[in-house]
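Before we start, here is the structure in question, set down as structure tokens.
In order of appearance the chains are A, B, C, D, E and F, and numbering begins at 1 in each one.
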Amino acid sequence: MEMSLVFSPGTDNTSPVLVNVVACKNLSLVTANDFTFSGLNIPGNTSNKQGFAVNLVTVDQFPGLNTFGVPVKRLDFAPKGLNSPHSHPRATEVLSVIKGSLYVGFMISTDNKLFSKVMNKGDVFVFPIGLVHFQYNIGDCDVEAFSVLSSQDPGVVRIANSLFGANPEISDDILSKAFMMDKKTVDYIQSQF
Amino acid sequence: MEMSLVFSPGTDNTSPVLVNVVACKNLSLVTANDFTFSGLNIPGNTSNKQGFAVNLVTVDQFPGLNTFGVPVKRLDFAPKGLNSPHSHPRATEVLSVIKGSLYVGFMISTDNKLFSKVMNKGDVFVFPIGLVHFQYNIGDCDVEAFSVLSSQDPGVVRIANSLFGANPEISDDILSKAFMMDKKTVDYIQSQF
Amino acid sequence: MEMSLVFSPGTDNTSPVLVNVVACKNLSLVTANDFTFSGLNIPGNTSNKQGFAVNLVTVDQFPGLNTFGVPVKRLDFAPKGLNSPHSHPRATEVLSVIKGSLYVGFMISTDNKLFSKVMNKGDVFVFPIGLVHFQYNIGDCDVEAFSVLSSQDPGVVRIANSLFGANPEISDDILSKAFMMDKKTVDYIQSQF
Amino acid sequence: MEMSLVFSPGTDNTSPVLVNVVACKNLSLVTANDFTFSGLNIPGNTSNKQGFAVNLVTVDQFPGLNTFGVPVKRLDFAPKGLNSPHSHPRATEVLSVIKGSLYVGFMISTDNKLFSKVMNKGDVFVFPIGLVHFQYNIGDCDVEAFSVLSSQDPGVVRIANSLFGANPEISDDILSKAFMMDKKTVDYIQSQF
Amino acid sequence: MEMSLVFSPGTDNTSPVLVNVVACKNLSLVTANDFTFSGLNIPGNTSNKQGFAVNLVTVDQFPGLNTFGVPVKRLDFAPKGLNSPHSHPRATEVLSVIKGSLYVGFMISTDNKLFSKVMNKGDVFVFPIGLVHFQYNIGDCDVEAFSVLSSQDPGVVRIANSLFGANPEISDDILSKAFMMDKKTVDYIQSQF
Amino acid sequence: MEMSLVFSPGTDNTSPVLVNVVACKNLSLVTANDFTFSGLNIPGNTSNKQGFAVNLVTVDQFPGLNTFGVPVKRLDFAPKGLNSPHSHPRATEVLSVIKGSLYVGFMISTDNKLFSKVMNKGDVFVFPIGLVHFQYNIGDCDVEAFSVLSSQDPGVVRIANSLFGANPEISDDILSKAFMMDKKTVDYIQSQF
């Protein structure tokens, strides 16, 4: 009976149903594999502009997570690799460093105070829900880290991309006034995204 | 008995208690004024760089809101006044325009799609929790608007300020890489905040 | 990704789905209009027995509200117009007066204490979830007000109508005993509804 | 460790604390009695105007209920005894009849539809949160019933009392307009409470 | 309108929908019977190994419970009848004894403290969510009791059965190490289930 | 402002307060260290009867977790090391294997079905809230794993200990009937705890 929670808050699994917009399996068809995900041992490919790769395990890869939240992700950073400032609108993130040295931080709006820290192997750091945060590899070797998120639908807002790479574009009037830069600079940055 | 909920989810109001870190009153001392707030008819002062003013009524001004969420705010915009891109980490916002024409928008991270709209008197618009959004007065006269938020502790993250005005500063390495601009530009923008 | 929350707590919007019994749109079909509602500037028609009109914007008119709660309503009162005693079984209400003078109140059951107040332009008042409350225009001109509710499915129980206008009727034995009035009076009042 | 939940959602019970405005005990002082309540076998005294008595076991009598909700109550009805129309602003009620025949009902506001039923020994009925409902002994012998409520702070709004017995009084203008009765009748009913 | 909550948190009942995996009825087809369940007066059949019977009224028998939780159950115990150690992974249980003497208890993991009590007619006891608990008839006559659970999908984990009657079997290595018994004993116990 | 959520759902941090029974810091005293925990790189000491060690990082070690849930733990297993059957009454667990081969499983009560799996490096497995589960090192080398839990107060019920090591003891009548073993065996097992 309680299995029903695994796939839904309901009490009937005799036929496939939608819960959180994820199809439910008939209980008799459920196997241990529905609760398993493999591959977090495989490093992501960090040969890109940002020198960063993320492998997020959400309910899409992992039906057993449905209604339980707490997706898991692996993060890989090349030297100087950056997970650029972003926020998760619906989740707090707890990050553990497995290898290397990672500089992390988040800002609060009361006086824009920055909370930052250099994390080493075995350190854990929490990024409160909705706050803008970043991670940056300050060492000379690769960094491997794992994160968990407190919602199965955390979402992610990449600040620079969503402002300067918006589609359609946000008008120069707004961006130049918000960032107090001239419109030429705005246009230049937009052209990068 | 149910009054206790007004000040706490508990059942005892014989002595002052803390609920959501807000002091509870002894029920016998509660008056209608604890459920009232006045002054939303008074325009905010928009004679500032951004041409924008907000008057947020939270549980601090308004004890009756405690445990009920839904704070109310009045927004005033001078012509070209901007409520710069920001997000509320813990609340969805529903905005109604009372006077004037307001250009509003928010971005989603899937392909950074921008959802924008020109709002006129009597229009209502919803900004989903945690998403970056802005409001801009595109008209020639003042704009008056009201918002409600779905949490009594909505929070606000002003993007430009928290990134380029962070204290202590976020390093040039990170900001120039994130916004794909040279460090001189980063330094210039930081100097503005 | 986080857009999915706009229409559902799930993570898949590749096909229409039901969330909170509201059909979800394919993300690629969503536009800013799904987050907009127009018409709150239009006064309701108060030429009725109660001299009162309400225009409630729920998720039905306003798909973007789905999963966000906080519906908005406009209330209009003719002089002596009454929003008769009622309760919202699933929401707290926060009311702002835009024009005129409104006498408002709610009762608590501990000793049936009445909390009442004359509200003027710019005043905000909160009616706790489930408590019986009313609003009455005590001025000589029309009153315009806006309310927000803390649930997308607030519900409304009109006390007089649900008791004396119930269908089928509630028996005289019950109503006369509850209101301590003779059955003739009960029958008379029932005949009015 | 999980015992802490019994008294609070926290993890530390080394010293007394408030949770839901209920004092927490030091875990080492907790005994089985904190989870027990006795006396529901004792009939209430129904020799009163309404011929009705209720014995509600809330977290006040029953600290173990704290953070768990589901208070229990015993209801006793003399012949023609009435639990007058009322609502629980913060709880759904599930009632079981142990002895006798009870006529129960609740109204919904959509067209004021009445849902009513004669309950006999062994019947269970659910009254949805916030809806106005009543119970009436239509038999010739006493009725004994038990209820559970889905919140530890259910609250109760007695309709007739809170409207006609409000303190201070609700004005005749409002009550006569709401109930469509002349002010003399309003005054008479008010005098009964 | 608020009826919609009875069947769903949504606002549209014009067509059948699934809520909590329970089919919703068209509001116009709903009757009082949807809120009623009969038969809790009928004793369960306790002529079995454990001398125990339970009759659980969930949302399956009782559509009106949907979205309201608080299912009700009747428990019957023959003399020496046992409701063997089990837990409800998603609900707190509140038990009332109607007839007889019942010995009840639950354990907490901090030092495995046992909280136990002999309950008599009219006593109420609460079993916190997820904790292992049992009920045992220590009297010479039958025991009749009622329980309510704080979730409409409480679930139940029968400890002995799920460990020694698991299908497929849990390996001897694990059970003998966990219970510190030799594998012969493990095999013997497994053979009983 | 939103920082207040880090320590409480309230809006005032001008003085220390309790939230979830955890002391809140004055915001001006908060540092990045309040969001950091170190030491998960240090293996636990597995030289014990069960060959198992766990290092749980809860809100006690880690104030920044308060109100965010998702505690993290490191698990170490010697060869044949066992994390004996247990359940978390208030949390779902997501486990990742960093090194070695781990045999894991949980049972559901519908037909006591066992869901089991051999996990290797990089595998992730989810244990639903409240269900009895175990982990066993079937390899010849040590196993290192990390878990996250979906509640900051997950609790743990060690089945064998809480039943056979209860204090005071659970009576032989109950245990022998529940496990269908003679009382001599019950006494023997109890003597082991």
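Basically, a contact is a pair of C-beta atoms (placed from the backbone, for glycine too) under 8 Å apart; a residue touches a chain by one contact, two chains touch by 3 or more.
Chain-to-protein mapping (UniProt): A, B, C, D, E, F = Germin-like protein.
Just so it is clear, the model here is predicted, and its values are computed rather than measured.
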{"item": "Pair from B-C, E-F or C-D with over half of its contact pairs in common with A-F", "value": "B-C"}
{"item": "Most remote chain, CA-based centroid, reference being subunit A", "value": "D"}
{"item": "Inter-chain centre distance, subunit A versus subunit E - centres from mean C-alpha coordinates, in Å", "value": "39"}
{"item": "Subunit A and subunit D: spacing of chain centres that average the CA atoms, whole Å", "value": "46"}
{"item": "Residue numbers of subunit A (touch at least two other chains)", "value": "1-2, 5, 18, 89-90, 105, 108-109, 116, 128-131, 155-157"}
{"item": "Residue ranges of subunit E touching subunit D (in the complex, touch as defined)", "value": "1-3, 5-6, 27, 30-33, 35-42, 57, 62, 64-65, 68-70, 72, 92, 94, 96, 98, 105, 108-110, 115-117, 119-131, 146, 148-150"}
{"item": "Sites on subunit C touched by subunit D in the complex", "value": "50, 80, 82, 84-85, 87-90, 105, 107-109, 111-114, 116, 128-132, 134, 136, 155-171, 173-174, 177-181, 185, 188-189, 192-193"}
